[in-house]
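This structure is in structure tokens; I'll ask about it shortly.
A, B, C, D, E and F are the chain letters, set down in written order, and residue numbers restart from 1 in every chain.
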Amino acid sequence: MRPSGRAHDALRPVFIQPGFARHAEGSALIRMGGTEVLCAASVEMRVPSFLRGKGRGWVTAEYGMLPRATHNRGAREAAKGKQGGRTQEIQRLIARSLRAVTDLNALGEISITVDCDVLNADGGTRCAAITGGWVALRLALEKLVRAGTLAVVPLKGQVAAVSCGLTQDGAVLDLDYAEDSTACTDSNFVLTPDGGIVEIQATAEQAPFTDSQFNTLMRLARTGTAELFRIQTAIIEEALKA
Amino acid sequence: MRPSGRAHDALRPVFIQPGFARHAEGSALIRMGGTEVLCAASVEMRVPSFLRGKGRGWVTAEYGMLPRATHNRGAREAAKGKQGGRTQEIQRLIARSLRAVTDLNALGEISITVDCDVLNADGGTRCAAITGGWVALRLALEKLVRAGTLAVVPLKGQVAAVSCGLTQDGAVLDLDYAEDSTACTDSNFVLTPDGGIVEIQATAEQAPFTDSQFNTLMRLARTGTAELFRIQTAIIEEALKA
Amino acid sequence: MRPSGRAHDALRPVFIQPGFARHAEGSALIRMGGTEVLCAASVEMRVPSFLRGKGRGWVTAEYGMLPRATHNRGAREAAKGKQGGRTQEIQRLIARSLRAVTDLNALGEISITVDCDVLNADGGTRCAAITGGWVALRLALEKLVRAGTLAVVPLKGQVAAVSCGLTQDGAVLDLDYAEDSTACTDSNFVLTPDGGIVEIQATAEQAPFTDSQFNTLMRLARTGTAELFRIQTAIIEEALKA
Amino acid sequence: MRPSGRAHDALRPVFIQPGFARHAEGSALIRMGGTEVLCAASVEMRVPSFLRGKGRGWVTAEYGMLPRATHNRGAREAAKGKQGGRTQEIQRLIARSLRAVTDLNALGEISITVDCDVLNADGGTRCAAITGGWVALRLALEKLVRAGTLAVVPLKGQVAAVSCGLTQDGAVLDLDYAEDSTACTDSNFVLTPDGGIVEIQATAEQAPFTDSQFNTLMRLARTGTAELFRIQTAIIEEALKA
Amino acid sequence: MRPSGRAHDALRPVFIQPGFARHAEGSALIRMGGTEVLCAASVEMRVPSFLRGKGRGWVTAEYGMLPRATHNRGAREAAKGKQGGRTQEIQRLIARSLRAVTDLNALGEISITVDCDVLNADGGTRCAAITGGWVALRLALEKLVRAGTLAVVPLKGQVAAVSCGLTQDGAVLDLDYAEDSTACTDSNFVLTPDGGIVEIQATAEQAPFTDSQFNTLMRLARTGTAELFRIQTAIIEEALKA
Amino acid sequence: MRPSGRAHDALRPVFIQPGFARHAEGSALIRMGGTEVLCAASVEMRVPSFLRGKGRGWVTAEYGMLPRATHNRGAREAAKGKQGGRTQEIQRLIARSLRAVTDLNALGEISITVDCDVLNADGGTRCAAITGGWVALRLALEKLVRAGTLAVVPLKGQVAAVSCGLTQDGAVLDLDYAEDSTACTDSNFVLTPDGGIVEIQATAEQAPFTDSQFNTLMRLARTGTAELFRIQTAIIEEALKA
């Protein structure tokens, strides 16, 4: 029995509110149970210097956590004067995941920065950031199409992410903080709807795990992301009608 | 005629949602028109070293703005590696304002940090942070009373803040961004319900202003904070019933 | 009776020595009692990037305090690796005050930086910096006129600042450290000779203060700055004769 | 045909020189083809504050790259004033990998820091650092046993790492820089000799990859680490004889 | 003929004003021609952690330059967020020089920090800082003796410093900026009255120099410091009478 | 008798391995007894902005020490976020020494950065860095000549450095750590083969030293560098044959 009473292959309730960041070209507030991440995509009509003049675009991401998003208040990174290793690792992952489904050539010399700020944390913030970040990115690209800047939305498809882990209750999908902090193995899967893998990160927190355990986690991830892709699609359809 | 169509002495619609930051001892999401600030009060059972052993408590504040809270994306302070002068100035103001109505002796050796993070910005963020920060502080102190840590809520009263300015439409209350960015004089008043003044900051952005103009701004501020005190009171009453 | 024996509306002895910083285009060492600030105005024939090509000039300021300007040695900001919030707040105030009386259009694409470094501190350093900074700025602008770079001195008038406060001796003018560190209310007024207000900062250090108390502080400030304007005028006249 | 002429499942020549860092309790210079990493394990008889008094030890790691380890000189991180995201990500991975095979309870209140500094880089530096870091750690622990500080070497087993990737030549083992910089998929596997998995990181650099491709990479990694475990064992046996 | 018209072995006019920093335990404003350095010695009744409990004292120094002490304004180190290499090199030299003549055992567990801040720069600032820093240190130690904290002044003697150089006018003593910026060889000598050498720094700015040229510089330095020792002695005698 | 058993005027065994840093245009691993420094010269076809368009080149240096190059592990400067004063002092010395023998006009608008990283430290690391750095620089310049970028090697000659000191065993050449940490006087001489002096740094660690003692140290330095020049010459001849 999981602490939340969920089945081993059940996601937490997922809710995505588009347009939360009023000034952003695209935005989404995503909730997965007690985890809440505000994703805002900002468009700039220029690219970093290493891409200038090559006709290609860029997608990057930044990640932050409000000091009291967590059980105990954490020090504000702006006050400490640097972003920690965990923050940098996560924002690099979000950026790679979003770039993997973007057609950067079709985007042209445009940069999009997706800010993912955690308002409330209860496990799985990086996965929620990727899933919600894709919605923000999609909406920003739609806006560029509607404005006539782009002819078509330069996306190769959807991307979503979910965590899986080995806990004392066995292999489970979408860990909350209570599970995450005691799991023996923690993994994050960034997947596409057509069976593609964008990124796998799997870590033994205590003893090493086996190939067979890994395959179980992988199957759970497919179950979870299938549901996330449906939710993303529904939100985008609804937002585009408005 | 103001850009928003408001009367010269009208506040924007104010909405305060208590409990938004689920882990914080007290929290409030405050909206004043298009400005939205998440205020979270965190309790620690110890004080900074300069107060240790003196039997007195401490209230401090931190302020931040999400990169895309504004019309154009601003650089993330955590990524730049330091908090700007404006940020520091504002968080010092919030902290002084909240301390001015707290009975630090009655609080005892407890620290409360009030984080004020701007999710959407449309002028007046520092004032919204003070008004909402007081609600978060009050709720955190109530929690300490209910837990038996404190006998009574160690507050000397309410505090709220509002901006006033001289624009081409004359003296107006509660400037939004369109007004703030073009005002000749910008001022912030931090007031108490019994006619007390906690802080005045008034700045000529272009030509110096006169005593008489200043007195007009001051009267507008009294009008505005009277309304804010009523809203604070109603929210606290409702939250305490729950 | 004030600790210094001064009348409640008496300034400390004021002394301004122009030309102390030999390389600066304009400079002034200002003493107000035990407070001593070296103000040096540096001219650059270019403007910050946000002003480039607009035909307007810029005036900015930096503030520092020597480590042993104070009763106890403070850590050197250069060694700590950042300027504190108080420093940034003060240098922003000095810059705004000087810009308020400068005709930036008449200045043209020239920048002037006024460095205000406190050699000895005994309260009121930010006010002394503004009053002395104006003298340094005026002398630097004169130099540009004499060199033929500018046709006239692009100043709209004088500006000076003074602190006032509510102490156990009542409302007093020009607080020294002994008064400043125990005052219930502390305020700084940046004024012009024709009755204009450039900036007001008034802060309740303990209990909130009243409108009537505020008006008393304001009147004291007018008395004090009237004397400071006379001293500025005399120094400039003398310096221009030399 | 791979650029180096190697078979798709062949490691580069591996050479490990123990004792290179003369002052370190344990050290190893590891070469994998053109990649050369100096690993040095330093023992301290105390633990970080979050572990104090719990009777458990700690293993951590730091990673660096000499400025001219690479084709083009990179800026020195000490001169830039911060460690980049890539550096932090790698040193966190090395540390997790070494902790996964250390019995921290048996270690007791002792910290071991494994510094991994890249002298020459030709792809696969993080994997070489883990494989060589384990040798340095093992030697440092042996030294503690010989000194009588520990009764037995508190290791649960060996750990080694290798990169695999999908290139235009198909799935290959142990990528050098020429392959790494053009691979479609890049992965790092941290494994144990008994079939355990400590960490998997697999990233699509261009198009997503499939489950089947992932399984091929995994099998190559098993081949590669089997050889690395043999080399580690031989080096340790030889070093202990000396 | 030197630019200043001085003889090759002539110092610039030297003037030392004790007590300039009113709060410091000892202080001296030293002028050597157009160079002006404020030296302030601060006493703390504790030592750095590496000396704690050893019964010995410590003398350290910090060096800074006001932004407009120089011909062109330099960036403020506090604003840049770090002390440059030159600053650190100089403050380490000042500290070593003062420690070389202090009896740290006789000082006991007391720290003295000597802040040397350049108000006006015209060459030779580090030498002026050492010569003036010794006066500040001596006065601070006298104060400790008068207060009964120390039985005797724990100094082994005097120390002073002077620059010498090879210019187009040959070997000269006490270079001003015009000479310093064009010299082929620049050297600083920190000497004691009894023929002792505390530190020599000699640098070929262009072509290497010879043993014989070096010996000439050394003799000039003896001439210069002899005069500086007389001035130090006279100032101390006068200050102690007051 | 010296701790190492060496004669007072004997260098430690010196060994220079060219080409250690495979990607660098020129490199040398230099060992002097237990001190080991990797010197790598990197060529860039542009100069810093202050030299742009003047037709002259630039040579600079950076210095670092691996955390466990020393008896006790030192904190990594990249992790601390800044280079210490000692590091900056040393890298400025190395750069000045190499520039003193380079014909910057003949080099043209090319920059060379010589990175000197200490792999193992046993005293004299800055001197080894200069001696080895010259070899790396020479090899990089040869490469530019062979590539036809330069017509001749733009060096005015050789440069090498050695430390000398006054220990309880008298004046000795090439101090190792055991001597260096207890010496009364420590000095570094940067010399040229034709009797030229590039830089002298001599410091009294305890009591001041005399002219006569200084002259003894100087003679020892000449003895030591004569041997270093022979070794440099032999290495270069051999490397050029290859």
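Note that in this section a residue touches a chain if its C-beta (ideal position, glycine included) is under 8 Å from a C-beta of that chain, and two chains touch if they have at least 3 such contacts.
For clarity, every value in this text was computed on a predicted model and none was experimentally measured.
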Number of hops, subunit D to subunit E, where each hop joins two touching chains: 2
Interface residue identity across copies subunit A, subunit D - same or different by half: same
Farthest chain relative to subunit B (centres taken as mean CA coordinates): F
Cα superposition of subunit B on its sequence copy subunit D - rotation in ° rounded to nearest 5: 120
Centre-of-Cα separation between subunit F and subunit B, whole angstrom: 59
Centre-to-centre distance between subunit B and subunit A (centres being mean Cα positions), rounded to whole Å: 32
Residues of subunit C whose C-beta touches two or more other chains: 81-82
Ordered ring members, subunit A first, subunit B second: A, B, C, E, F, D
Residue ranges of subunit F in contact with subunit D within the complex: 20-24, 27, 34, 38, 40, 42, 44, 62, 64, 66-73, 76-83, 87, 113, 115, 117, 119-121
List of subunit F residues in touch with subunit E within their complex: 82, 84-86, 88-89, 91-92, 96, 100, 187, 191-192, 194-204, 206-211, 214, 218
